[in-house]
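Please read the structure below before turning to the comments.
Lettered A, B, C and D in written order, each chain numbered from 1.
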Amino acid sequence: MDRIKEECGIFGIFNNKEAATLTALGLHALQHRGQEACGIVTCDSKNFYAERRFGLVGDNFTKGKVIKRLPGKNAIGHNRYSTAGNNLIKNIQPFFADLHKGGISIAHNGNLCNALHLREELVKNGSIFQSTSDTETIVQLIAKSKRLKIVEKIIDALFKIQGGYALTVLTKEKLIGIRDPFGIRPLVIGKLNKSFILTSETCALDIIGAKFIREVENGEIVIIDENGMESLKPFPKMKERPCIFEYIYFSRPDSIIKNISVYEYRKRLGCELAKESNVDADLVVPVPDSGVPASIGFAEKINRNVELGIIRNHYVGRTFIEPTQQIRSFGVKLKHNINRPLVKDKSLILIDDSLVRGTTSLKIVKMLYEAGAKEIHLRIASPPIKYPDYYGVDTPDKKELLASKLNIEEMRKFIKVTSLKFLSIEGLYRSMGHKERNNSYPQFTDHCFTGEYPVEPIDASRKDFGEEQASLISKNYQ
Amino acid sequence: MDRIKEECGIFGIFNNKEAATLTALGLHALQHRGQEACGIVTCDSKNFYAERRFGLVGDNFTKGKVIKRLPGKNAIGHNRYSTAGNNLIKNIQPFFADLHKGGISIAHNGNLCNALHLREELVKNGSIFQSTSDTETIVQLIAKSKRLKIVEKIIDALFKIQGGYALTVLTKEKLIGIRDPFGIRPLVIGKLNKSFILTSETCALDIIGAKFIREVENGEIVIIDENGMESLKPFPKMKERPCIFEYIYFSRPDSIIKNISVYEYRKRLGCELAKESNVDADLVVPVPDSGVPASIGFAEKINRNVELGIIRNHYVGRTFIEPTQQIRSFGVKLKHNINRPLVKDKSLILIDDSLVRGTTSLKIVKMLYEAGAKEIHLRIASPPIKYPDYYGVDTPDKKELLASKLNIEEMRKFIKVTSLKFLSIEGLYRSMGHKERNNSYPQFTDHCFTGEYPVEPIDASRKDFGEEQASLISKNYQ
Amino acid sequence: MDRIKEECGIFGIFNNKEAATLTALGLHALQHRGQEACGIVTCDSKNFYAERRFGLVGDNFTKGKVIKRLPGKNAIGHNRYSTAGNNLIKNIQPFFADLHKGGISIAHNGNLCNALHLREELVKNGSIFQSTSDTETIVQLIAKSKRLKIVEKIIDALFKIQGGYALTVLTKEKLIGIRDPFGIRPLVIGKLNKSFILTSETCALDIIGAKFIREVENGEIVIIDENGMESLKPFPKMKERPCIFEYIYFSRPDSIIKNISVYEYRKRLGCELAKESNVDADLVVPVPDSGVPASIGFAEKINRNVELGIIRNHYVGRTFIEPTQQIRSFGVKLKHNINRPLVKDKSLILIDDSLVRGTTSLKIVKMLYEAGAKEIHLRIASPPIKYPDYYGVDTPDKKELLASKLNIEEMRKFIKVTSLKFLSIEGLYRSMGHKERNNSYPQFTDHCFTGEYPVEPIDASRKDFGEEQASLISKNYQ
Amino acid sequence: MDRIKEECGIFGIFNNKEAATLTALGLHALQHRGQEACGIVTCDSKNFYAERRFGLVGDNFTKGKVIKRLPGKNAIGHNRYSTAGNNLIKNIQPFFADLHKGGISIAHNGNLCNALHLREELVKNGSIFQSTSDTETIVQLIAKSKRLKIVEKIIDALFKIQGGYALTVLTKEKLIGIRDPFGIRPLVIGKLNKSFILTSETCALDIIGAKFIREVENGEIVIIDENGMESLKPFPKMKERPCIFEYIYFSRPDSIIKNISVYEYRKRLGCELAKESNVDADLVVPVPDSGVPASIGFAEKINRNVELGIIRNHYVGRTFIEPTQQIRSFGVKLKHNINRPLVKDKSLILIDDSLVRGTTSLKIVKMLYEAGAKEIHLRIASPPIKYPDYYGVDTPDKKELLASKLNIEEMRKFIKVTSLKFLSIEGLYRSMGHKERNNSYPQFTDHCFTGEYPVEPIDASRKDFGEEQASLISKNYQ
């Protein structure tokens, strides 16, 4: 897939008889954040219960008998997306560990920048890791902490780790939510009657009819127990710097960030794009479904309508996952078909939300020309992606990012379009409601466009970064 | 699901080394016509090979080892949608029978009107039926024919059956395509290099890069073998009368009928609807995804843009198929969420392609009001559905069709909208490019709106219609 | 496996609330008669219910949810053993057909000699076969009969077929048991309180605590319904001629035939063998488990004890069924190991019940020598098998039968034993309690030893005998 | 099952291209030692590969594709038997851990007496346990050791643990075998060409044609690497005291201990039993299969033959594992049937190898009487079992051991036999080749008969002994 991918979605609920069912629903609403695997851990204040599976929530957590194996009024859950080579069942979250003072379970959205260094140290001192996930490093640090109370152990561990993270933690008596000091990864608080909820996006509140309360702040720890919710801020205070990609395409369009729907942010990106790079053409055509909101904003700005020049096969999402060579060679046609009579002999403004490797654009453009399109003006509703990410977003290597290798004219030639324009950094910040980017302390984590990382990516300098750290190679080892 | 459903999609290919793979791809493109089960039968001019499975094509026919079990250069395939109570593996098509002169395999889109009468007669004379499908009646009639050649046996059988049907038939040496005398169900001819293709829609030609040749005509039999394609017209000549629902919503928007894309027909339906029943409101909002093309036509006509006021969860299609009671009670929220900030305090024109039971509209309207919508003007881009179908379309019983019980004002109250309008029959025919409906011999099979059936539904008068005919009750009997 | 195999075991029960459970137990007791597949059909006097599976009864019919899918007070069941090339799910019995007058289900132990000829005729007249089993020929003949009552239809069909058969037939109101005119295959009647039972061996009565009533006689039809049991004898009267292999090794040792346990018959075979061919040696060693009863009889006759010189791995029965080449090359060691200290430097009398291909004996003898055995005197408790069977017993081709190719001295050299002796035909008949064999009309079907077939094997002369008759090649076609 | 069960069988091989296949075969030969689960870990001197499964070796490790996932020339494997409540996949051995200096994998037959105390200490210091198995305690102790070399780390750990154990350990470069100071659990050394083998019994050498070299001695560590085999004896020297149950019934009859086959030891037990408690009766009947060797010894001593009065269904071993209530109520008949004509009106000497709960004897005796037996003299070829075990043998609680609650006459009445006799302790030691038991330092671990434990069972005093130690309750947590 020619997309930047999110590492995961998380959900936690405290004090609800239907904790497991509601967590399944919340994870289902967050399915776009990760499709490889999903897991739920519940606690009935005495024991913990866990189910972790490969595949979609809807395929794994809808049967009554699965839900029955997850009793208890408190639960956390996790969606994981597919990363090559690490699809071990042991890596499916939430993680669980039996500590001296009782069990603890953790679900994590994000990525640590110094996990490998910490892991090495821990193993030297006799810790046995079960997974290759950086999340287990957090768990092991908590187990090793000499502090007495569980929250203190967690803070102890947090001071050692660096990176972008949103965590939900379940103990026998508490549900804890944590967001890293920059607030890179999202976490919101909701309420359903008397039950508190912590989750990645507001759409996971909507699906169960819960009320949005507020975001967890950057660097904040919220502790939910029988007595209600308490807030701690153990880190030095700093301004938030959330990940700009949540706005551009991670979050669902119906999720709300700072009172504005993500759909609206994307229409604004399209509107700014139209201001910067409109061109005379017959049709405004979105790449479905990623380019639709920006297209509507673009078309509206120039007083036009969008036209569905490209039709998406709705059954493609999960099918042909193990294709034969013959099928693979048919490429993008499995997913898209051209509305031939519509585009024939027309000039098109083709709109997408981003451009990563360029492979999908290349195929779509080829199909449009084959269907008779006369001119194709490709417009991208975000700036060129030139730098990889290390905080919970799976970007291709730098060398695979088209914009890190080619300038815009070279890209235009590569994709073979009549013209190619990206939204400017300024347009991006204007769409977000800022007059301009604060270059001394940017309002967003935007290093994929700018190369300015909020935290130094320590592990990235290691040769074995991203490699399997364990010497046990076995997909089925459980 | 609150939708009228199509019985199936069919595909056949002759003389291609990748026959099974191409059939799988064709069926994948036709997945919208049936999701319950799928099957492929191939022939290597000596033996036949069959695989029939529950579930989607992409989940069943993409692995190399399945394709390897389907050798041969000729193939037919079938997608089946779910009908309650009959989901026996024996009912999955294509059917196969060993006749005296060699094997024969048949895939069928449509429904016979006199299958039960014929079946009764056959059983009395010693035929043993394996399935409860009316398609097996055709197979048994062919087996019983005293004519000598296989094509003659088929024609012999066709003269006995009545109803709407498109058939692909595979013998050791031939691929045969048949369309009923009225041409109720669709069948088109394509070509990929030297290979002939027969399939339900042109989108199944596009996916494999095949060229559209022409439609099989109503009452025509096309016989494809080593010597090319031959055409027979054994029935008395009559004008075609295709099913209007293919235009309104069975076919994929990118399929082409009579040189016009289905997307375009649907935009025209929306355009006519706007002419007939526009109203002053803040937003034009489609019910996703069924209402989108009509909404674009509607909005264009009134010089407006569509707005995505309802967001669809793309993972819902196949998930939560065995929901627990708790999840079921959350109802339509699994599938749709409201773009809350967009619709709040707004008046909406809500557009869908049809209205069957009204249950989905009811839920969506409720969600929109809860999200703060001020007024909802529901507009349906087809006339009220008052009569059930018996020719291959699965309509609810008459008593479940909202428009057969209530008048428009009663429906408005039931759905609780500010106003409700349907497209008129005249508007429907205008959208199709006709000046008006020919009431003495309508241009389309449109009885669901008008009650005028092209063929008398004989079996429908039987008490046991739609019931399991066999006394063997066993989902797993194979 | 170097054994002659039985085609199947059958069981039927009438008027018992636990019909499906009791049938499962009965089939479990008959598991030695067939391990490839098993099936149960029940009837609740309105509908029929069927479950047919590959594998053992204990793996398929012990879960409550399977039994729940088999309601009704009447049931029949069938165990099938593995024949190469025909392991299609469609061939698993009992068969079911919806006749004009209601459903009928049939389970069959045996083999027809003219099934292919009859099948050809039926297909020419429009019958569609679903399986490649000769049993379906009986079903199709019944369906075609113009007689009015079901029992008459069955008799009509029986007069057309030739061969060895024991049948249980289930209709809505009756359980019917049939044994061929010679009584080649066995069928006994039992009673459990008010419920009648029909089954292949008495051990299937013992497992459920039922009482043995009597054997079904050769050529007899017993009809069980609400009014009790009725007997018909439509065929010309003749003397019975049961299959001798039931005594030698098909039946379980605890089954009883004519008041004597099969264990006892086998001890007698060993005793006669000792009389005919004792030799001076250190130990009497059985080939486990087949040679054990004859060994006990042999040892007793010569006033000695058996010694377990060969140990069988009890887990081998079902394991390593898809062995890698490496494992296969280890051959018989998977199944047997030698009790090394016992046989070292000893002379042995090695006893088995029969010798078919000789491959197992060859391996065991080799292992015994490697373990230090000094002399091996192989004694076989039945005569040499020189002729194949066609009545429900799966013998290897004639050319694979060791005794049809080699004389006894040649066999001795092939197997590399010190001496080799078989039981004589006279000894065999004496063991069965007869003074001598009646050569003009033998008391048993014994053609495997003598070449005298009770019924002419018509189909056997066809070139395609044993071939797949259908042109559909698909293990998974269901 | 009314049997004392063994905890497991282990196997290891060094330097063989077919390491995984040979390990699978070895485990198959040891299947009688554990049927619940099995696992194999291989090492190709760089990485480790693991497969762990529920079920039999033959069902899990015979397919080529599984073996292909286990490359490498060194391997260890483990069979595990079923213990209630702990059948978690995480508990399936061999265990694996990534230590600082490289991976280590361990397979363990036996039980530690102080595992819970050690575990508690480790968790307090930050160790995270993944399983509830005491074997993991050994792994965690090794990980924590501050010694530098892997063998030193292992010795460090061994000095902390107490109990009965035989271990195979695999590191990147070595295969290590360890037997506890008393030699309670068995471990033998074999050789196949240049490959060293370590395994529980000699029958696992026979199956692959390997040569028996010698036993690992009590308290010995053997280290196998490229340079050959080295032996360490780090513990204070003491006399061996192997578990007497290996002789009585754990080991396969064809295994050899101290140059004598286990079959021979068991015949001797029967012979001593005859000397002590013969009685005048018609038949000597073994309980199959456990009582067969002792019966042969018994019969030989009194110049009689054994008779198969009880027939065992060979398919029962693995079937009906999830029985419905109806089937369960049929009890032992699923497994055994009586040879009715043989026992009718006879007096029997019924022989079994041991008596645990008495439930099986009770059922068999009842069946024999129902079949017409006149008198039943039950003879047990070992002394009464009065005390539970804690060293790797799963005995019922003391209160379930019949002999711990009742005296012999009370037992006789309970089982309802004419007479009941056990072998004496003296007879037991005589059968083993000793003049008498050395009461100051017994030659065998025999506490189940005598109550004299070689190691104090520390954990046994804890209330939670045998309980789930972890708070995570989830069979499927992986």
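The rule is simple: a residue touches a chain if its C-beta (ideal position, glycine included) is under 8 Å from a C-beta of that chain, and two chains touch if they have at least 3 such contacts.
Only a predicted model underlies this, so the values are computations on that prediction, with no experimental measurement involved.
Engineer: Centroid from C-alpha atoms only, then distance chain A to chain B, rounded to Å. What do you get?
Structural biologist: Roughly 37 Å separates the two chain centres.
Engineer: So what's the Cα centroid distance for chain B and chain C, whole Å?
Structural biologist: 51
Engineer: Which integer distance in Å separates the CA centroid of chain B from that of chain D?
Structural biologist: Each chain's C-alpha centroid was found; their separation is 63 Å.
Engineer: Using the touch rule from the top of the page, what residues of chain C touch 2 or more other chains?
Structural biologist: none
Engineer: So what shape is it, when you link every pair of chains that touch: line, ring, star, complete or other?
Structural biologist: ring
Engineer: Which of the chains are touching one another, listed as pairs?
Structural biologist: Once each pair is checked, the touching ones are A-B, A-D, B-C, C-D.
Engineer: Using the touch rule from the top, collect the residues of chain B that touch chain C in their complex.
Structural biologist: 46-52, 69, 89-90, 96-100, 102-103, 123-124, 126-130, 139-140, 143-145, 172, 469-474, 476-478
Engineer: Touching residues of chain C toward chain D in the complex: what are they?
Structural biologist: The contact residues of chain C facing chain D are 18, 21, 24-25, 28-29, 31-32, 35, 56-59, 62-64, 67, 203, 206-209, 252-254, 256, 259-261, 263-264, 289, 292-293, 296, 299-300, 305-308, 311, 313-324, 326-327, 330, 333-334, 337-342.
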